[in-house]
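You will see two complexes here that share chain A, one where it goes with chain B and one where it goes with chain C.
Up next is the complex of A and B:
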């Protein structure tokens, strides 16, 4: 079942000279974890904003085509009706706190208050999310006094608490250390197991290789590659679009070109073990 | 920490009582009301609530600035013929003294009551109690956000200052140097605040800010019976006081 569908989309920002997208089509199935990759300025965040309806509802521009959420046009929907359906976690953790709450605990509850979730249910969900994200130590702190990484976790918690069925996550780990990054991906995995549809923008390609079902590569106003993770992340061409390949895939490609043909280019560790085990 | 009796009161009730007293003092126009009734009662309440020290500090510092000026101007520069005391160009008249006392008394009622309300009330609680009576979400947000924005902005201005210093703009020294540094530090602050607004709107939207559902509240505030009755009692007292003042034959005036 298609959760989100983009039909022949062309878009230009009001102040932009060039179009960001030209005739882009895309569909995302329910329960899929789709990673969007591409060089800086290739439109990853713009695409996310379009899928969430921030464009054109908050930021205007010239838009053609249509974007559908379960067959309803997002362009015609009210923005307020989308907030409990599509969660959006922003790139910049510093602007994501509400700015009116005194503790992290209440900060996480802000979205739930706006949705009118009853108090008991609100507390249950906040507690659950705090446990899931392991931020018990932050819950009584003032949101404005957190570090970048802590804010990022709180931002993620605040959106997850609202329990949206589709999640758009724009570089969730930009401020996190390797351990924090790993933890966020573990949470993304749990969300996937809960059958949530996840759209993830991320530069850490090794983690994408490990967790994503499908990879979309954006370049020059359109999608260049769209396919399963192992299929896309083993293509040598990917690197010519300003993105990277997992270390393992690079090794595979080098080996394939210079030593001997491989049955398959691996993109994650287990595949590599499989491919190389009879070579050594 | 145990809350004092004033702190425990429902925020909205406190605010209503404060405003009732303020309006009464405007209407009755008797300086004794402010100085002999409201002022001592407020200080006593602050004492009972355990907030006497910080409260009296605030009240006194506000009073000294306000009052001295208003009192002197009103007392000495109200034209009148009933001069009690005179020194060069300063003439203290009966009317002037009366006017000065009345005006400062009214201000002191507003000042002492509202300061006590804010001293004993968490501002978020106050907003929640106002939202529950139908104040729009966005109004509460604007109020609370601007309170939190001030420390945030000053933090940011320090960062900008350091960044500009790193690029060779001198920000310390004499008056002229500081004035010159004013624009390169202030303009990035203002511009970045403006550009953040768009993003901020989107982040609030992500948290369902414009949702049409009625809000629920994490803070569990409810008015006790006394919180509901007390404003009415005070209103009754105020009305009786006004009757006593204005109806000839009952009151002393």
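Up next is the complex of A and C:
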């Protein structure tokens, strides 16, 4: 079943000189974990905003084509109906924090309050999410007195607490340490197992290689590659679009080009172990 | 004595929270050094003390032999420049040009000299075409380059970059490597905080690891990325190439593609 569908979309910001997208089409199935990659400025965040309805509801522009959330046009839906179904984690954790709550605990409850969730249920969900994100030690801190990475975790927690069926996550780990980053990916994996539809923008390509089902590469107003993760992330071409390849794939390509031909370019660790185990 | 010398520094935030607990470190003039480690370890707090944005609760910091307590804000910016983790904490002018020109103008330099400094810094940071833009109209990744340019134009001898790699694409990372090389060529000292292990491996040799208010290691990248105890303590991970070498039970200390291929060829 299609969860989201973009049909022949062209878009230009009101103050923009050039179109961001031209005739872009794409569909995302329910339960899929899709990574969107591409150089900065390629339109990843704009696409997220369109899928969430922030464009055109809050930010206007010239838009052609249509975007469907399960068969209903997002362009015609109410933003509040959309926020029940789609959770959005912003790219910049420094702006996601509400700025009006005194503790991390209340901050996480903020979205739930707005959704009108009953108090008992609210407490249960906050406690659960605090545990899931391992931020027990932060719950009494003031949101403005957090380190960059701590803020990012809290921003993620406050969205996950609302338990949306579709999640749009824009660079969720940019401020996180390596272990924290892996933990977020593990949480994303759990959400996927709950059959949530997840759209993830991320530069940490090694982790995309491990976790995503599908990769979409944006460049020059449209999609250049759309396919399974292992197919896309073993292509040398990807680097010419300003995005990195996983270290493992880079190693495979380098070895393939300079030492001997490989039957397959690996993109994750287990594949690389297979490829190299007879060579060392 | 040249360099930054940090002696037994403690830092408590006004709410009483201790973020740095008895830390010492020496940084040699002209070197480049990466500070890595877990979220909340105290990295930002630590480096902010190196340019007086925060004052140590206890201990002393000297820069080229001068106690930081004796320097005014204007004097300190000549010595140590800090690029904020969040560009929003640093940017407040209406155009990128004015933003980069702010410190040189504050120091009452001739407008022609200011222009020269702004153009040089903008060029190095790849933002020449945005000089007339409002910094807030630029995407996050580019805004970071504006803040880097500001500190370059200040002419500080020690340059601290707090997570410049966050949210950068491949081109952005390549440009940052270039900037670091150029700064070292200009005899600057570069101190960087980053969570990007591959970037660390490509650009740095000396690595300082922080965890839980302290420095837990200060060594070469080869040592650090094969020290599982330290990695675990500081919430770090081995780089993927090291993980592969580890899984394949290859000789220790492989940390990059070059090293891996050389080792395979050796067989």
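Simple rule for what comes next: the second predicted complex is superposed on the first by the 277 of 280 C-alpha atoms of A that agree within 3 Å, B and C clash if a C-alpha of one lies under 4 Å from a C-alpha of the other, contacts with A are read in each partner's own complex, and residues count from 1 in each chain.
Convention: a residue touches a chain if its C-beta (ideal position, glycine included) is under 8 Å from a C-beta of that chain, and two chains touch if they have at least 3 such contacts.
Owing to the predicted nature of the structure, the values given are computational and were not obtained by experimental measurement.
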Quick one: classify A:171 as touching chain B (first), chain C (second), both or neither. second
| Partner chain(s) touched by A:32 [first = chain B, second = chain C, both, neither] | neither
* Report for A:92: first if it touches chain B alone, second if chain C alone, otherwise both or neither. => both
Q. Thinking of the overlay built on chain A, is A:58 touched by chain B (first), by chain C (second), by both, or by neither?
A. first
Next on the checklist: So in the superposed three-chain picture, is A:255 touching just chain B, just chain C, both, or none of them (first/second/both/neither)?
Outcome noted: second
Where does A:202 make contact in the superposed view: on chain B (first), on chain C (second), on both, or on neither?
neither
Quick one: classify A:158 as touching chain B (first), chain C (second), both or neither. first
On chain A, the footprints of chain B and chain C overlap at residues 92, 95
Per the touch rule above, chain C residues touching chain A in the complex are 13, 15, 17, 37-40, 44, 85-86, 88, 139-142, 163, 166-173, 195, 197-198, 234-237, 239-241, 243-244, 247-250, 257, 260-261, 263-265, 267
In the complex, chain B touches chain A at residues 122, 124, 137, 140-141, 144-145, 148-149, 151-152, 196, 198-220
In their shared complex, chain B is touched by residues of chain A numbered 49, 52, 54, 58-59, 79-80, 83-84, 87-90, 92, 95-96, 98-102, 105-106, 109-119, 122-123, 144, 158-159, 162
The chain A residues in contact with chain C across the complex are 38-41, 45, 91-92, 94-95, 142, 145-150, 153, 171, 174-182, 203, 206, 239, 242-244, 246-248, 250-251, 254-255, 258-259, 269, 272-273, 276-277, 279-280
